[in-house]
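Here the chain labels run A, B, C, D and E in written order, and each chain numbers its own residues starting at 1.
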Amino acid sequence: MNGIPLELGLVLSAVLFVLGLIGVMVRRNLIMILMSLEVMLNATGLAFIVAGSRWGQADGQIMFLLILTLAAAEVGVGLGLALQIFHRFQTLDADSVNEMQG
Amino acid sequence: MILLALILVLFLGGLAAWFSERWNPEAPRWVAVITLSIESLLVIVQYSASGRIDYLSAGMPQAWIADFQGAWIPRFGIGFHLAADGLSLLLIALTEFLGFMAVSSSWTEIRERQGFFFFNLLSCLAGTIGVFLALDLFLFFFFWELMIIPMYFLISIWGHENRIYAAIKFFIFTQVSSLLMLVAIVALVLKHHSNSGVYTFDYFDLLNTRLEPDVALWLMAGFFIAFTVKLPAVPFHTWLPDAHTQAPTGGSVILAGVMLKTGAYGLLRFVVPLFPEAAHEFAPIAMMLGTISVLYAAVMAFAQSDLKRLIAYTSVSHMGFILLGIFSWNFLALQGAVITMLAHGISAAALFMIAGALQERLHTREMERMGGLWSAIPHLSAFTLFFAMASLGLPGLGNFIGEFLVLVGAFGVNASLTVITALGLILAPVYALIIIQKAFHGPTRQYAGLRDFSRRELASFGLLVLIMVWLGIRPQAVLDISAPAIKQDIQNTQAMENG
Amino acid sequence: MNSNQFIALAPILIIAGAAVVTMLIIAIRRNFVLINCVSACGILLSLLAVGLIWQANPVQATSLIRVDGYALFYTALLLLTGLSVIGLCYDYFKARTGENEELFVLLLTALLGAVVLVSSSHFASFFIGLETLSISLFVLISYTINRQNSLEAAIKYLILSGVSSAFLLFGMALIYAQSGVLDFNGIGRYLMNQKDMNALVLSGVILIIAGVGFKLSLAPFHLWTPDVYEGAPSPITAFIATASKGAVFALLLRYFISAYNYSYLPFLTVLSVIAVLSILIGNLLALLQNNVKRLLAYSSIGHMGYVLVAFIAGGRIAPALVVESVTFYLVTYFITTIGAFGIISVLSTPQIEADDLSFYRGLFWRQPWLATIFTLMLISLAGIPLTAGFIGKFYIFASGADARLWGLLLTVIVGSGLGLYYYLRVVVVMSMNVEATAIEPVEPVQKRMSTTILAVLTLLLLWFGLYPGHLIESILLISNSLK
Amino acid sequence: MIELLGWVPFLPFLGFLILAIAGERLSRRLIPWIGAGSVGISALLTALIGAQFLKGAMPPYRLALGSWMAVDNLSVPFGFYLDPLSMTMLFVVTGVGFLIHVYSAEFMESDPGYARFFAYMNLFVSAMLVLVLADNLVLLYLGWEGVGLGSYLLIGFWYEDPNNGYAARKAFVMTRAGDTSMAIGLFLLFTQLHTFDIQSVMTQATNLWTPGTVLPVAAAALLLGGAVGKSAQLPLQSWLPDAMAGPTPVSALIHAATMVTAGVYLIARTHALFMLAPSVQFAVAVIGAVTLLMAGCSALAQTDIKRILAYSTISQIGYMFLALGVGAWSAAIFHLLTHAFFKALLFLAAGAVILCFHHEHNIFRMGGLRKSMPLAFLSFMIGSAALSGLPFTSGYYSKHEILLAAFEVSPVLWTAGCLGALITGIYSFRLVFVAFFGPQHAQVEKSPGWRMSAPLLLLCILALAGAMLEIPLASVFSALAADENLHELNTVSAITVAAPFIGVLIAGLFYLTGAFSTQRLESLVWIRQIQRFFFSGWGMDAFYNILLVRPFKTIARLNKNDAVDSIYSATAFLSLMFHRLFSSLQTGQVRWYASSMVLGTIVIIAIGWLS
Amino acid sequence: MMLFLFYITSAVAVFATVMMITRLNAVHGLLYLILSLLAAGVLFFLLGAHFAAVLEVIIYAGAIMVLFVFVIMMLNQGQKTTDQERIWLQPTIWIGPSVLAVILFAEMLIVIVSGGNAETGQIVDSKQVAIALYGPYLLAVELASMLLLAGLVGAYHLGKPMLKKTLGKRA
């Protein structure tokens, strides 16, 4: 027992999560959006770790591991896409990638 | 088996007509005629065999003439149950007859894609006959929906200038309302299930479902709306003028002559027998709707300048009588409703055929652009006069009998509404004679290439006239056929209301 | 891991194996037809495995995966979907330049994710299955990288999917933090012992609903749907619309039943709101849509809303009927959706995607069979008899009425009314007359595979519509397997 | 012979069928033979039957021709009922009808719709005969509507002029209004008495109902509505003057001799009901009295020869109503009979004048026709005399009887009747003096042939001597025979006889001798106004126009596109608005999509919390 | 003590994240992100998840961020992008998303605080994790490998045609 309350840990992860969310909603640069996504995923990982720590179980860490895997794969694919988009659209502006609407 | 054949023959005939187009573009209509001939043979056989009890499986109530039962979806106790009593037989005969008329009126009018046209026409008839025969509520709903698809195609492909709007409107109205009915059907079945532990959609089983009054009222409302939309009654009628106006003649004939009757049939067969108490409680409102329909549509009809639209509104007006009659729920009024169904089937079909014939000749339905046609095409004009008279309820013709019986029957139930409805009798000549006045009377004009009825048309209309007169002079023949069915219905509901 | 579990896992393992094998073969020899065959064979093998263990007892392979009748039924459904999509892909991609073989690897991994989803009984497998599916889909959507729309769709899907995954994970974390368990049964036990409603679990589940709502494109998480549907290659769109959604839905149902979530009434309220919004917004959005793919996308939003009605009914009625209704509806939805996108894919050429409504003008008279099939599919989507869609809708009504969800049913009716309008619009366009010279069809490419698949789908559609007894019976077998 | 009764209405119907189906393809020589011939044979048959019937003790004769409809306790047979009343009517319809058919054979000879004309006429005769013979109210209603149809067809016979069609429709609709009232009466009677058979209705009503209670009053009033419509009495009288748009023989047959008297017949037929409802019966009398005055005044102001006669018809039927109202049933029928003769005569003569005189209708453009058209002049003199009720004409006897009976009941009614008689004298002889005396304005084109002359002559004789025909109606109205034993009141009687003479005298002073000048009279503004008022038929048309026709048309026109539909249009519009709204949210911008997801999540968490 | 460390590290993490989402230059942002991730690693350690802490540093802050660096370098447009970002990131643009985020955060806060008190900090060492990983979570590991495979194949596919096509030409 090291005295970190569960709520604090969860609140921190919520803060990070929300910051990441703001990033996704505000940034127009695809790379930055992807980075913000990473923040969000990381925040959820933190939440799992906090929860796992509460229960003294490995499950939390394992979930974090899986999230890590996802993050890696997503970044890989996401960046690949970003490159393609840059070459097609000549921009990384998420807002100008809006040919389809309605 | 004949009952099943009644449906299958038409459907297969439709398919045959579709495929025969490859062989010869003129072939489909002949296939249609042959199919209908076989079909009428079947109807005659069924009718003449109706006295023999061995067509009936055990346990069927007395008034029924024939039935056919097969398994379908055992999970919910859904069966393929067809059965005919006098009422359905009459309506099938009407369907059959108007099928001929529809084919006849499409003979030269439809020039494109005849195969698909006659496929749709025949499968529409097949669906309608299915509706008249189905005694499993699920099956009924199945056919109920099935008949509108071909009709949709008939309107949307071969209709007039505004056909797509009309077709979609028609489809949405009927579909949405019938989904309400589906909910009601399902809820009824579930109710029966919770009472008895058995899933069944069979009409006879569900007849005896005990329902709390408020539940019954809601369920009845579901059915009622579906049927009054189809009937149609004010305020659900607005699809009809559009659909009728835009449909090709054959489509209008089927639509006005037969399809509207499915609504009336449903009210008669399902709404009141399934929910007698609720229907009884609801009757004043339903009758009021009937009254409003009669009067409102009559005024609307008078206002129209488009001939088909006018006729469409007259249909609404006539259907109001049926609504009034059915919810009076006594023998006289019901018999009147039955006669009205048949008579209106004939008269509306004939009027639409006339409108179609005029459109084919003049390329317009606007009465303002007609006038003085009498001297140019006396035969057509005389027939129009005849059916206008039939439509306004001239005694000696079928419509009169129906309306008269309905009103007599209804008078005993709700005198004040009946009196108001009777005002429709004054409005009827107002709209019926305006047709004659605008289109046929007036100074003679020159119309290019206008020809009077051909021999085929004369034969069709002659037949229509004969049947109309026969209905008006000898309605007894029809009344006798429908009497047992109606008597039984009344007894059943009375027994339920008492017990 | 015992042999019993191995056998039970066989379908999943075979798919995974097939993916690896396919990739290896690509490394050795790039041959479109060969790869096609290999992947199809993999799926067939997996199907065979499903068939063999169909009658076996439920097997819990670790706490992550539960292979029971429910899982197997959906596995089979997904595999068949995969097979059809591979068939459609074959015709769609064979004339296209570029290296198209990886497509099948990705399809197989996507399928793997979906299959894991339907058999998962644990948040870990739930999550990993979902993400395997999603990662594969990102690439599949963007597979035709020389189409700008594809890329745009993929990046949108990727970002939003990431956000939704984050919501999902956060929800799971909240639940875990409170209950200390990650497997569905454990959560169920936990909830059963709780007296009061638990705020953390409540919010957690709602966040999960939000995350899943995105995958199911339920309103208000639906905005991506049309763009992705439009951008993705048609066969892939078919896959997204069916396999991805179906698997997620199956999982959600399993989760709700296993984890005892139906006892929380707020979920049902939330879901009801979502269902109403989905039905109305989806159908309203489709009304004047001129792009068939987008139209189908909007309509799929509405359809998910319809299934949700049956889903919500689980709060009041026995789960068996819910499973039965949802499953039947999904089966019909799969058939019609694959059919509809199959038509688009058949009509598309490497030069142009056949998604504009004007492309369908007079199709009835140019290609009667295709048009008829398309019409049937649309009729089925509209829920009109003769087709399986009607029975599906009947099921929705049955479960909805049994649970007395009158308001929702009314919404379904309104939605169907709206739906008719745009389905019929398409039918109308197909039956319009066109001048012969107006559209000179491109030299038609032989697309036997696709047309065969379409024919089979049509037959199934009619079979299940006219005589649904068989399908119902097999669904009945599985409807009680969820515990 | 009497067994052949069924053929009487059927023969004209057969004629109708042949003419309708074969139409103008028949040779023009054959057409009148069929048209008039069928009615002729009917008339012959009627005569034979009548001879047989009148010879015996005249028990009512029933002929059952089978069942029409039988539902539950409702049964309507095709059955005929022959008693002195229907016998009388039969004579009128077939006899006068035949004469008019013969007359028409020449009158319509040059018309292209020759066959059509006879077909319609035959149809009408047939329907009228059914009406007269029907033994139950529904069959009577069939005939009732059938004559309405015949009337409609014949008024609109010359369809090329839209005005004729308008008049025809007006006639049909207005009478239909009455018919509807009658139909409701039928429903009421059936619901209460469970039968439609006229005789049973009367006996049952007498047995079951107390006089003056609601039921008999309502039933009688509703039937009266029908009678008023058909017989062009107040307030449904305004169609009849317009109905003159039809060919003149039609006016003679339908709008003078037969159809318009159907109301009188109906009331007489169901007199037992009216006796149970004294208030209604009195209303009948009042309606008759008012109508006869009103129509008489209107006739004074008309210039169109046919319209004068039309108003006089309305007025004369008013007398019949008056008679019915005061319980002088036989007198009413007697007047019906004589009226049929002299009014048919007048119309036919008018037709001859019109035909031979440039199709001119305005009497002030005629003049001096006395010499050029002696037969017409003779006819008019006799007809007008009978119409005015000058002694020794048939009209005298019938009218006299009525007025005396009216005096028995109420002197006011009698006064009205006498005043009416005076007015009758004025307007009928005004017509004669203006048209036949004085200077001749134009030459006569041709003179009528034998087919027109013979009926005129025959009718002259009947108009003079028709009163000799003894109608033994006592058996029909047996219950009240006592009331008709009129006392001769000398003063009253004298005034009654004198009234028409004064009228003739006035007419003579104004129009024959010119002792009084009409111009001087007309120079007075209020006279002119009154004249205009009378001319318009007391403004009834305008009244109906403002009260009913115009509102109806306005409503119909305003609502042409169906207000109910706008509910649905609005729904559709709303849907499209929402479509646009939601579409505009589909911006294609991924950041907005993400935001919407966040928004959605916030909302559903809130919902989850709140619920 | 632990709690104090926790607060400090949390503050660093939050600060770094805020900086990251507000940076105009992608590289700056990336560096702040790495800082944030490292702080998270410390937090993991504080929470007793040593294995996860190590992975966070090695894989997240190390490997994954390198990918970003590569891409940013490949697409580096220098000052141009920074200028662009300045235009894009008008102060007003922050309002909407922030409001939304704050509301969401408030909701989460209520939920979390209402969840009741509980302590964290039980040390779960690598061995325990390994046992779980290769015991009950074996299938998850396998599946994760398939996930990575999919990502790999995908990245390959998305990466390759770039070399073939001429750059800078819009299709």
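Following the convention adopted for this analysis, contacts are C-beta pairs under 8 Å (C-beta built on N, C-alpha and C of every residue); 3 or more make two chains touch, one makes a residue touch a chain.
This one's a predicted model, so the numbers in the text were calculated from it and none came from an experiment.
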Listed by label, which chains are in contact with chain B and with chain E? C, D
Please identify each chain that touches chain A as well as chain E. C, D
Minimal path length between chain A and chain B through chains that touch? 2
Taking each chain's centre as its mean C-alpha position, how far apart are chain B and chain D in Å? 38
Starting from the mean Cα coordinates of chain A and chain C, work out the distance between those two points in Å. 26
Any idea how many Å lie between the Cα centroids of chain A and chain D? 94
Averaging only over C-alpha atoms, locate the centres of chain B and chain C and give their separation in whole Å. 42
Can you tell me which residues of chain D touch two or more of the remaining chains? 583, 586, 588, 590, 594-595, 598-599, 601, 605, 609
What residues in chain A touch two or more of the other chains? 6, 10, 14, 17, 20-21, 24-28, 33-34, 45, 50, 52, 54-55, 57, 59-60, 62, 66, 69-70, 73-74, 77, 81-82, 84, 88-89, 94, 97-102
Multi-chain touching residues of chain E, meaning two or more other chains, are 96-97, 100-101, 104, 107-108, 111-112, 115, 118, 137, 140, 144, 147, 150-151, 154, 157-158, 161, 165, 170-171
Touching pairs of chains, all of them, please. A-C, A-D, A-E, B-C, B-D, C-D, C-E, D-E
In the complex formed with chain E, which residues of chain C make contact? 1, 9, 16, 19-20, 23, 61-65, 98-99, 102, 105-106, 109-110, 112-113, 116, 124-125, 128-129, 131-132, 135-136, 138-139, 142-143, 145-148, 174, 177-178, 198-200, 202-203
Any idea which chain A residues touch chain D in the complex? 21, 24-28, 33, 94-95, 97-102
Interfacial residue positions of chain B with respect to chain D in the complex: 169, 234-235, 237-238, 241, 296, 299-300, 302-304, 330-332, 335, 372, 374-375, 378, 382, 389, 394-396, 400-401, 404-405, 407-408, 411-412, 415, 418-419, 422-423, 425-426, 428-430, 433-434, 436-437, 440-444, 473, 475-476, 479, 483
Complex contacts: residues of chain A adjacent to chain E: 1-12, 14-23, 25-29, 31-32, 34-36, 38-39, 42, 45-46, 49-50, 52-62, 64-66, 68-77, 79-84, 86-90, 92-93
Residues of chain D touching chain C in the complex: 575-576, 578-579, 582-583, 585-586, 588, 590, 592-594, 596-601, 603-605, 607-609, 611
